[in-house]
Every structure is written in C-alpha cells, then in structure tokens.
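Before anything else, here is the set of structures, which you'll find just below.
Both of the next two complexes hold chain A, though its partner changes from chain B to chain C.
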Partner chain A sequence: MKKFRAGYAYYVAQRLGTALLVLLILSVVVFFLVRLIPGDPLAGYYDTHGTPSIEEIARLREQLGLDKAWYTQYFEWLGGILQGDFGASLTKPFSVGYQIGRRLPYSIELALLATIMALIIGIPAGVLAGQRANHLPDIAVRTGVMLAISIPSFLTALAVVLINSRTLKWNLIGAVSSSKGIVDNGIAMLVPALILALPFSGTVVRYLRSGMIEELAKPYRITLAAKGLSDAEIAYGHGLRNAIIPVLTVISVRLATLVGGTVVIENIFSIPGMGKYLIESISSADYPSIQGAILVIASVYLLMSLIVDLLYPFLDPRIKSGVGES
Partner chain B sequence: MKSNQLLEKEDNKEMRKLASGVLAAALLSGALLTGCSSDDPDPAPTSASSDATTDGPQSGGTLIWGSRSEPGNGGLDPFVAEVYRGTAIIALIYDTLVTKDDNGVIQPGIAASYTQVDGKTYQFTIREGVKFGDGSDLTVSDVIWSFEHHREAKGAGDAALAKLESITEVTPGVVEFKFSDDNPAFLNNISRATGDYFIVDQQWYEAASENDRQISVNGSGPFTLEAWEQGVELRLVKNSYYWDTERIHLDGITFKITGDDEGALLALVQQGAVDAAWFWGAEYAQQAEDSGWTRGNAAYTSARSLWIDPTFNNGALSDVRVRQAISLAIDREQVISLGTAGLGGITFVTPPAFTELAAPSATTPNYTRNVEQAKTLLAEAGVSDLEITLTYGTNTTDVSALEVIAQNLADAGITLKLNGVPYAEVQNVFTTGAPFMSELIYVVGTKAADPAAAYTSWLTDGGLVSHWQNNPDAEAAKALLAQINVETDPAVRIDLLNQLNAEVADKVLILTPYATPLAYHLWSSKVHGYQTDPQDGRVHLRDAWIEQ
Partner chain C sequence: MNYTLKKPQDDTKKPQTKKRFQDVNVSLIAGIAIIAGLTLLGVVMTFWPLNNPSLSLGGRLEGPSARFWLGTDDIGRDTFTRVAQAALTGVAVSIAAAAGACMVGAVIGAFTGYVSGWPDKVIMRVVDALLAIPSILIVLILRLVLGTGVWQLVLALAFLYSPSVVRVIRSTVLVTRRSDFVALAEIAGVNTPSILLKYLLPNSLPTLLVQGASVGSNAVVLEAVLSYLGQGIQPPQPSAGRMLYEYTKFMQTSPMLLIAPAMVVFLLTVGWNLTADGLQRALLITRSGVKK
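Moving on, here comes the complex of A and B:
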C-alpha cells in the first residue's frame, strides 16, 4: 500500500505538471493566434455610430493598452490571470472574469445534463445490445445508434424549434437565469440537453456494446452463471464494471468538449454559454475575451482528463499495479 | 431588362432561400426558418398599432422586447457608450435638453423652452422639478457639467461642442451656450435620441467607479435599470421620479437577449415568448409579420453605401466616367425588389429619413439604369473587361442585394467580385484609417444627428476614410460641405445639402444603391401606442402600453 501511495503521488505530480505545462504553452499560442485574427479590436466601440476622430482612436488605444508592445501585453495578461484577473473586455462593459463566471455555469449545466441523459439512455441500451448481440434487441439498438450519430445535432435542434414554433409553441428559446429558480432554469435546458445527449448516447452504446460482448465471452461468466446469478446480475454486477472503463474516457472527453463545443446548440436555443461567448468574442476581435474563453475551455478539458487519469488506478487494477511499480 | 440568369434566380427564389438557409444553418441557425418563409413579394407597410380598445391605455405590465444584442462597450455609461444598441436603451433612461419629434421638429426636453439668439448663441430654460432616478434634483449645474464633461471626454471628436466658448447660467434657470463660430448643426446634434448628449447627475457620476457607470444608471428618463443579466436579459422598470410620469403606462420593459442569431429571435416571436422585437434581416421581419405581428412604419434610416477608394490598385475608379458607368449599370429598383424583399427605397448618401431633404428623382444624375450609356462611358474611358472587388462584412443580411448589383454590373461588362470578410476587418478601415482592401467597401450607414455628418469623414481632407485629396472631381462637393457647416439659415442650408447630394451623385463620389430601415420593429396585438421612431431608437416605448 505504501508503495502504491508513493507511486500514486508521483503519478499525480506528473499528470499535474504536464497539465500546467500544456496550459502555459497554450496561453502563449492563444495570445499570438488571437492577434492574427483580422480586424481592429476597436471596431466594437463604433458599431453603426459613425467614424471616430484620429484623436479619439489614439485615446482609446492607449486606454485599452493596445499601444503597448506585444510581450508587455502578454506578461501583463498572464500576471493578471495568476491573480485571478482575466482582464477587461474590449467590447463589453463586464470584465472577462465576470463574463466567464456567468457563462461557464450554463455550459457546465448543459454538458452535465446532456451527459446524464446520454448515460441514462446509453448504458441500458449498450448493455442490452451486448447481452443480446446480433439478436433483435441489438439490431434495434444499433439502428437507433446509427440514426442518433448520423443526424447532426443542429439539424435536430432546428427541426425541433421549427416544429415547436408552428405547433406547440412551448418556450424553448432563451436561458432562464438560475436566480429565477433552479427548476425553471433546469427545464429550459432539458430540450437542448436531450438533443446533445442523443449522439453522445450513441457513442456510449457503441463502446459499451463491444465491451460487454468481450466481457460476457470471458470464462468468469460461466462460473457466475453456475453460481446461480441471473443474466442481469452478471451483466450489471460484473460485466458492466469492466466494460465501462473505456467508456469513462469517452465520457470525460465528450463532457469536456460539450463545455466549450456546443456553439450551434447554444445559438439555436440562445443559451449564453462558453461556446457562444467564444464565437461572439472572435467575431468582435475581443482579444482578452478570446484568450480567457479558450484558456478556460482548455482548462476544463485538461481537468476532465486529469480526473479520469487520477481515477484510473482505482478503477482498473492493472493500472493500479503499474502505478505501484513506478 | 433582366438577364436570363437573374430571371432564373427570381424564378427559383424559394429554392435559393432554402439553399442559403441550409448553408447558414451549418454555421449557426435560423436558416431553416428562413427557408420556410412565406413569400409575399410586396407587403404593404402597416400603420401604427391600432388602439382599438375603447377603454383607452391600460397601465401596468411589463413589455418583453426580443433583441439580438445588448449594450456593448461602454455599457450604459451615457458618455462612453458608443454603440447603437447601447444608446437605444440609454435613450429610455436619460433625457436630452431638447428632443426631435417624428417630423424632425425640435421639441422641449429637460429644457422647457429654448431660444436661438444668433448663429453662435443658444439659451435654454431648464424645466423645474425634474429629478433623477435616485430622487435627487436635476440642477442647472448638472446640465452645464454634462456638456462640459462630454466635451472633455470626447475631445476633438465632439461634433456639437467643438467650437464651444462657454456654457453659463445667464439668469436663474437659463443656460447659455456660446460658440466661437456659427454652429447650425448644434440643435440637431444635441437632440438626437440615440446620440450621447444626455443630462447626467454629476454627483452620482463622479462618485461611481468607471465600471459601475457602465452597469448601473441614474437618469431622469422614464425608465431605470432594475437588472442586467449579461446574455440573458436587461430589465428596465418605471422611474417613479420621472417628470412626465403620467405619460408612462408600462411598469417595465425587459429586453430578452438572443445573441446574433435572428432565427432564435424569430422563434421567440412565433412561440409568443416576447411582445415586440426588432430584426435586421428583412426576411425575418416578414416572417414575424406573417405570424400576425405589426411591422412598424419605419423610415429609411440606413443608406447602404458602397464607399469608393479611387486610388485603389491601379486607380481604375479615379476616372469619373468609370464611376458613372457603375452607377448607371445598377438597377436600383431591382436591387430593392430582390435584395431587400421590397423593403427599401432609393436614396442619396443622406438617407430618406431626412424628410426635409429632396429625394432622388428621375432626373438625378446616374440613378436611372442605362446599360448602353454605361458601356459607352467605359469605352470613352478606354476601359474594357473592368474587374473590381467589393468587400463586405459577413455579418450583413444584405448579401443578396450585393449579388444583384454584381449581376447588374455584369450586364455592362463589369465584373464585380464579392469579398466577404469579418465585420471587424471592415471596421478596421474606419477605426484605424487602414487602407481599403478593395475598390469598394460596403457600409451600413445610420441616420446621423445632422445630415452633413454623412459627408464629413469622406470629404474632409485628412479624414480617416477620405481618399479624395487632390482629386478635382471632389472639389465642388468639398466647397458645398464647407458652406453647409457654417450656414445658419435652415432653408438655405437645406438647399445646399440638396445641391451636395446631387453633386455627389453626379460625380459618383459614393455609391448609394438603396436605403432601408436600420432595423424592423415588430410587435404583437397586445402592444398599443407604439410606433417606430425615425431614429430607430425605440423612444416611443415611452408611450406604449400593453393589454393585461
């Protein structure tokens, strides 16, 4: 056990160090890539309001720190982040940190709801398909999976919005602030979350089905059956535990992707999440907002990977023994 | 006569809508909704919401206004907010010294009356009993400070106060503005509802932090800010201290924010989740109208211009005959019919919403399509196979109009390439004076406070977007503009502006194919007493009421 603890501490430090290094490199890359975006960050100031004078432009440029050398801007930005300050937005009256603080919960909520729904749909379907491989239930599940994966989410979303607008007229568009009630807020998220969950659940089913087929073909299944366990007990009590390990990786990656990658769904349903924030920031050349948004989305991605990496030794005895030896 | 290609386009309009819809959906959304639109070719503008209810206006209730955007940089700070979407909301919170009615006539505001002593001197009698949202009194010193601070904040960019010598209280309650030179545009500039010459509480403003001024308010207008949840909604409530509170029927206005996707906004309309909304896209506006909503009788406040750099590349457009050929090749009626779903009008650089100015007519130079004459002019200029590029911001809803223009020019043997770039890149030209990226740049203009402002940046040597230095074609226009800027007789000034419009059309210093409302305001049958104002500013929400 002592050996495992020491090995695990080293394992954690290694993973954490790698994640921090990736973030640092990413901050440099993002900082420079953002400056390659064509357009003047001052554009957001003027909109359709006329042409500013040269003096006015110079004043604003100085006020926003855009007249400083690039390396000065970078280190000031990085120093700010280390102190929890993501800087001021160039196009909004709210700081970048404030905006991320308001938008991230929407994205996390949407991603978590979608993930939970995907698991609720995907796990029973995947287990059933694995148990009854190449039989009618499996064929039905696989057909459903094909449809779920092959129909783009934005198409489903548009169809839902369009049909609803002409028929039921439910209020599907627009986020509800959690300050107005958790229930209302959650209800407003259900439909977009379900639309995101459908292809996600298809992926879960595919991984789980093949894992279950592999697990249920192993000799221990015969032993368990001989001990009198039912098919369901074997599948859910033993097969699923082993088959779900690769699925966990998929879940963590998809969950992290959902936090920043649901731009289209966020747009269609007017959810002020991180993806929408990033796109708005890019289109208005709002440097600090783009940098902050990418860094936070990347951090979520890295955090999810880190959590899964750190959980692996506890879920998979083979990895546990490897960590102990290292 | 329409070309075959164009006729084909027209015949297959529905297909084209669907195809373009699916393409746009791949990027964002809303496109399928467009694809399913009805296709009323010429909907008549509707009149103001009919107040059929015999009981008269009802008090109370909150009107929910769907909006794709929220205030941008500068937020709700009346001195800093630069972007239109911010100032349109600020206009409901803060008051100006004087206002303009829908006919363009100056009306009292915070000033109960005013006198123009001479071309350089204006006196305003400040209304008594006006209070700010926090209950504090609006004083003469607040008025003086607001203008002085405005000049300090804007510096040389302050249009109305550039020649200001002094602002003083000459007798109790009377403020006098004295200028070093005639300032005929002064009243126009300070009365603009979506401008930034608001009267602000000095004590509150100076005590608030820079950030607090942008996300909180203390105005003397009919509404005040209750909450602003970024990206979700901005809620205004009735200002109980408003000096004309009897006039206000609504308890509040909530701006529900959808983001740039107008498809989502349309869905809100169709689901009955909002009471009113404003659209930039004519097709979305039509679909909202098809849902039984009233479309505002909007003025054509936005001249859609093609700004010219005659020196670009090899200077093909420096020859006036080439520019005239381009203008003659454009079929403005067709552009309006096909490109704006009929919701547009023919315009000079000053949009038709300046009703005091003459509108283009059949005799306006280079406005009536004549392809043969265009070809002749090109031949005289020794130009063949002319190929030019038009750059536009990809956020525009007007691409189909630009495609029609390209097709028009093709009939005269001119190849117009359309170059879509991010909007910020187009704005680069205005904010930094960056060189044009093509011969033409497409610009969505807004009705300025004063008609002469439409020309200032273009025809002032050294201006950021001025490319007419040392070009004799622009000399007459520059001379007219200089006269306009000091002419104090309103009738003479209007005459000069008309001459300037005609001169610019004749020399084709700017191409203005059409104008539309800047945005389309629509509202449900529950909303009464509302009409789109000529500034697109939503100021008439002061008079609106909603069925309970």
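Moving on, here comes the complex of A and C:
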C-alpha cells in the first residue's frame, strides 16, 4: 500500500505536469495566434462604440496595454488569469472573467449530464449485447450503435429541433436561462445532453460488448453459475467489473469530441454557455474574450480527462499494483 | 511482411469460381456512387443552373413546383439549385482537405517512422498534443488567423486532420521499414527521400486511402458545423451549413429549406463513411504486427 502511495503520487505529479504543460503551451499559442489576426484589435470596439478620435485611440491602446511589448502583454495577461482576471471585454460591458463565471456552469452541467446519460444508456446496452452476443438483442443494439455513431450530433440536433417544431412543440431552444435554478436548467438541457450522449454511448457499447464477451467466456463464469448465481449477477457483479476498465480509456478519448460537441449544441439550442460565448466573441472580434474562452474550454476538457486518468488506478487493481512497482 | 492481403470470404470452403453477392463490395460502390452523384448534380447545377441561384426569381417561401423543384427561400431564390451547388462545395472542400491532410500526413508520418530517434519523439509529442485538443477549437483559431476564404478553410481542415494521418502512416512504416527490401535499398545506397517515397509510402497506400476517406467524412461535418456557426463558407457562396443556420427561423412554415441541406450533409457523410468501409474491405488490411 505504501508502495502504491508513492507510485500514485508520482503518477499524479506526472499527469498534472503534462496537463499544465499543455495548458501553458496552449496559452502561448492562443495569445500569439490571436495577435496574428490581420486588422486592428480594437476594430470590434469601434463597431460598437463608434469611431473615436486619435487621442482616444491612443488612450484605449494604453488602457488595454496594446502599446507595450508582446512579452510584457503576455505575462500581464497570464498573471491576470492566475488571479482570475481575464481582462476587459472589448464589446460587452462586463469583464471577460465575469462572463466566463456566468457561462461556465452551463457548459459543465451540459457536459456532465451528457457523460452521465451516455453511461446510463451505454452500460446496460453493452452488457445486454455482450450477454446475448449474435442474438436478437445484440443485433438490435448493434444497429442502434451504428446509427448513433455514424450520424453527426449536429444533424441529430437539427432533426430533433425540426421535428419538435412540428409535433410536440416543447420549449427546447433558449429554454436555459440565468433566471432558473440548476435543477430547472438541467431539465431544460436533457434533450441537448441526450443528443451529445448518443454517439458517446455508442462508443461505450462497442467496447463494453467486446469486453463482456471476453469476460463471459472465461472459466470463472462456470464456477459462479455452479454456485447458483443468476446471469444478471454474473454479468453485473463480476463480468462488468473487468469489462468496464477499457471503457474508461475510451471516455477519456471521447471527452475531446464531447467538449467540441458542446460548442455546437450550445449554439443550436441557444444555451448561454462557453461555446456560445466563444462564437459570439469571434463574430464580434473581441480578442480578450476569444483568448479567455478558448483557454477555459480547453482547461475544462483537460481537467475532465485528468480526473478520468487519476481515477483509473483505483478501478483497475492491476494498474494499481503496476503504479506501485514503476 | 506483416501485411497479409486476403480476398474476402477466403476462409469459406465454397469454390471461388462464381462471383457471389458477398463478394461485391456494396459499401464501396454505394459510397462512391453517392459522392459521384452529388458531384455530378453540383457540376450540372453550377454550369447549367435550373434557375439563377443569386436572383429572386420566385415568390417568398414558395412550395415545391415544376419550376422550383424544392421551392424557394425567403427572398425567392431557388432552393434546389442552391442546395446542389452547396453539395458541390461540400464535396470539393472535403476532397481538398483530405488530399492535403494525406499529403502532409503521409510525408511527415513516413519520415518520423523511418528516421525515428529524437525527431520522432518530438513530432509524436506535437501530434499527441494536437489530437488531444478538441478539433473545433483548433480550427476556429486557424480560421481567425488565416481568414475566412474557401482556400483558408481547406488549409485549416488539412492542418487539423494531418496529425491523425501522421499517426496511422507512422505505424505502417514502422512495420515496413523492417522488411528486407528496405534493408537492401539502404545497402545499395538509395537516399532517404527515395526510400520514403518509392519504398515505404507505396506500401502504406491502402491505409492512406482508408484514412483519407474517413478524413473526408469528418471534414464534411466540420465544414457544415463551421458554416452553421458563421465561420465556414461565407455567403453568397451556397453552403449547406450556412443554409441550415439561415433557414432555422422558417422551419415552421417551410421545412424543406432545412431538410434539403441537412440531407446533403447526411448523404455526404454516409457516402464518405461507406467509401472508407468499402476501401477497408477491398484492400483488407489485416495487421498482425501492429495492434490497432
């Protein structure tokens, strides 16, 4: 156990270090690429505030630090972010940090809901398909998986919106708002989250199915059956424990697609989250907002995959011992 | 050789004399037919349009008629012609992006797999980092820097998808470079670029084609998504994604305005996916050495 702790501490440090390094590189890339954009960074400001005089431009440039050297600008920006200050928005009356603070909870809620839904759909379906491999339930599940994976969630979302507008007429678009509580907003996000969850659950099913088939072919199944355990007890109590482990690595890989998907889904369903904020900022050429939004969305993704990576050794005793040894 | 090229169904005991239905590569034929069909439609509608797509020839939001096959949009433009042209844009952008990603990815992948050592380590770290960041973020940053033209879009998509090609090609090259014919070429003093281009890459071609088709399918969707968000193809050039965005407000009255472009994106995705599956089956790569 002591050995594991030391090994795990090393593993955590390694993962944390990698994540921080990627984040630091990303901050440099975002900062400089945004500065490579042709045109005046204040163009977005002129659009909303009218053309100012030359003195006023000089004052604005000084206020935003645009008159300083690029490295000073970068370190001031980075230092500000470390203190939670993302700078002032060029087109909106609130600071970037305030905007992100308001919008980030929606994106996190959407991503978490989608992940939970993907597991709620994916795990039973995967176990069922594995138990009844090549029989009717398996064939049905596999057909569903093929559809879920091959149809992009962008199109599913538009199809749902279109069909809903002519049949059920639920309030789907713009149903999420700051005036509602977290629970009400969660309910309003169920349909968008489900759309994001479908391709995700399809991947879960694929890996779980093959894992279950492998596990249920092992000799311990006969022992358990001889002890009088039911099929469900064998599958969920024993087979799933082993078969779920490869699924975790898939979750970590799928998260990038999921976070990218939230950007699109938020814009389709008009959820005031980070994705919508990013696109709004790009459309209005609002530099500090673009930088902040990209950095925060990437951080959310890195944090989520870091959590999965850190949980991994606890769920797989073999890796747990492996971590201790290395 | 770690590749074994097998004909499909060759483990069955039936004689291979008669061509059975299973032998026909339905996915490949269907996939190519869908893409070719949409391309043909797009070309015909671009050079000999049914109605001029940039003129308001009909009334506002007309239903399908003999003149306007799929009706008209909010300013009386012909939906059918516009959708067909959008399909051609989608095909062209995805083919160009896939070709670009394959060219860059194949060269870098073959180089890094063959040379190995520290250049390999550095390149693969960068590739891993690029693959880890959500693709829409990368492409949005690139769009900001490169600008909003069609060529810039192709360039951004090609850059975005080349890391995945690098990874796949590298893994095949790692296998091929251990072959005797590569060793013989090295002994004969063939220079490195020739070994890469003439000895290693031809052996990676099947993998490259399959990967290219799957890049095409991803590029179609991403192009539509970007155009939907206003960051892809810019008006007045017809684009399925842009149409989906602009016509969302008319979904109650004229759903055809949404169904038609959505079908174009859907068909193109399905077409590319079927092509990828079909190519995989036709070239049947069974990797024994490399674990996928």
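We adopt the following convention: the second predicted complex is superposed on the first by the 294 of 326 C-alpha atoms of A that agree within 3 Å, B and C clash if a C-alpha of one lies under 4 Å from a C-alpha of the other, contacts with A are read in each partner's own complex, and residues count from 1 in each chain.
Heads up, the rule we're going with is that a contact is a pair of C-beta atoms (placed from the backbone, for glycine too) under 8 Å apart; a residue touches a chain by one contact, two chains touch by 3 or more.
Because the structure is a prediction, the values reported are computed rather than measured.
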| item | value |
| --- | --- |
| Partner chain in contact with A:Ile290 - chain B first, chain C second, else both or neither | second |
| Touched partner set for A:Lys3, first chain B, second chain C, both or neither | neither |
| Touching partner for A:Ser150 - first (chain B), second (chain C), both, neither | second |
| Touched partner set for A:Tyr301, first chain B, second chain C, both or neither | second |
| Chain B versus chain C as contact partner of A:Ala256, first or second or both or neither | second |
| First, second, both or neither for A:Val22, with chain B first and chain C second | second |
| Chain B versus chain C as contact partner of A:Arg241, first or second or both or neither | neither |
| Partner chain in contact with A:Leu36 - chain B first, chain C second, else both or neither | second |
| Partner, of chain C and chain B, that touches more residues belonging to chain A | B |
| Which of chain B and chain C A:His135 touches, first, second, both or neither | neither |
| Common ground on chain A, meaning residues reached by chain C in one complex and by chain B in the other | 37-38, 154-155, 158-159, 161-162, 165-166, 263-264, 267-268, 283 |
| Chain C partner contacts - residues on chain A that touch it in the complex | 22, 25-26, 29-30, 33-34, 36-38, 150-152, 154-155, 158-159, 161-162, 165-166, 256-257, 259-260, 263-264, 267-268, 278-279, 282-283, 290, 294, 297-298, 301, 305 |
| Of all residues in chain C, those that touch chain A in their complex | 129, 131-137, 140-142, 144-145, 147, 221, 224-225, 228-231, 244, 248, 251-252, 255, 258-259, 262, 265-266, 269-270, 273 |
| Touching residues on chain A, where the partner in the complex is chain B | 37-57, 59, 89-95, 98-99, 102-103, 154-155, 157-159, 161-162, 164-166, 169-177, 179, 263-264, 267-270, 272, 276-277, 280, 283-285 |
| Chain B residues within the chain A interface of the complex | 25-26, 28-33, 36, 71-77, 82-85, 87, 154-157, 211, 214-215, 229-233, 256-261, 263-264, 266-268, 270-273, 302, 395, 421-425, 427-428, 430-434, 444-446, 448, 453, 456-457, 463-465, 518 |
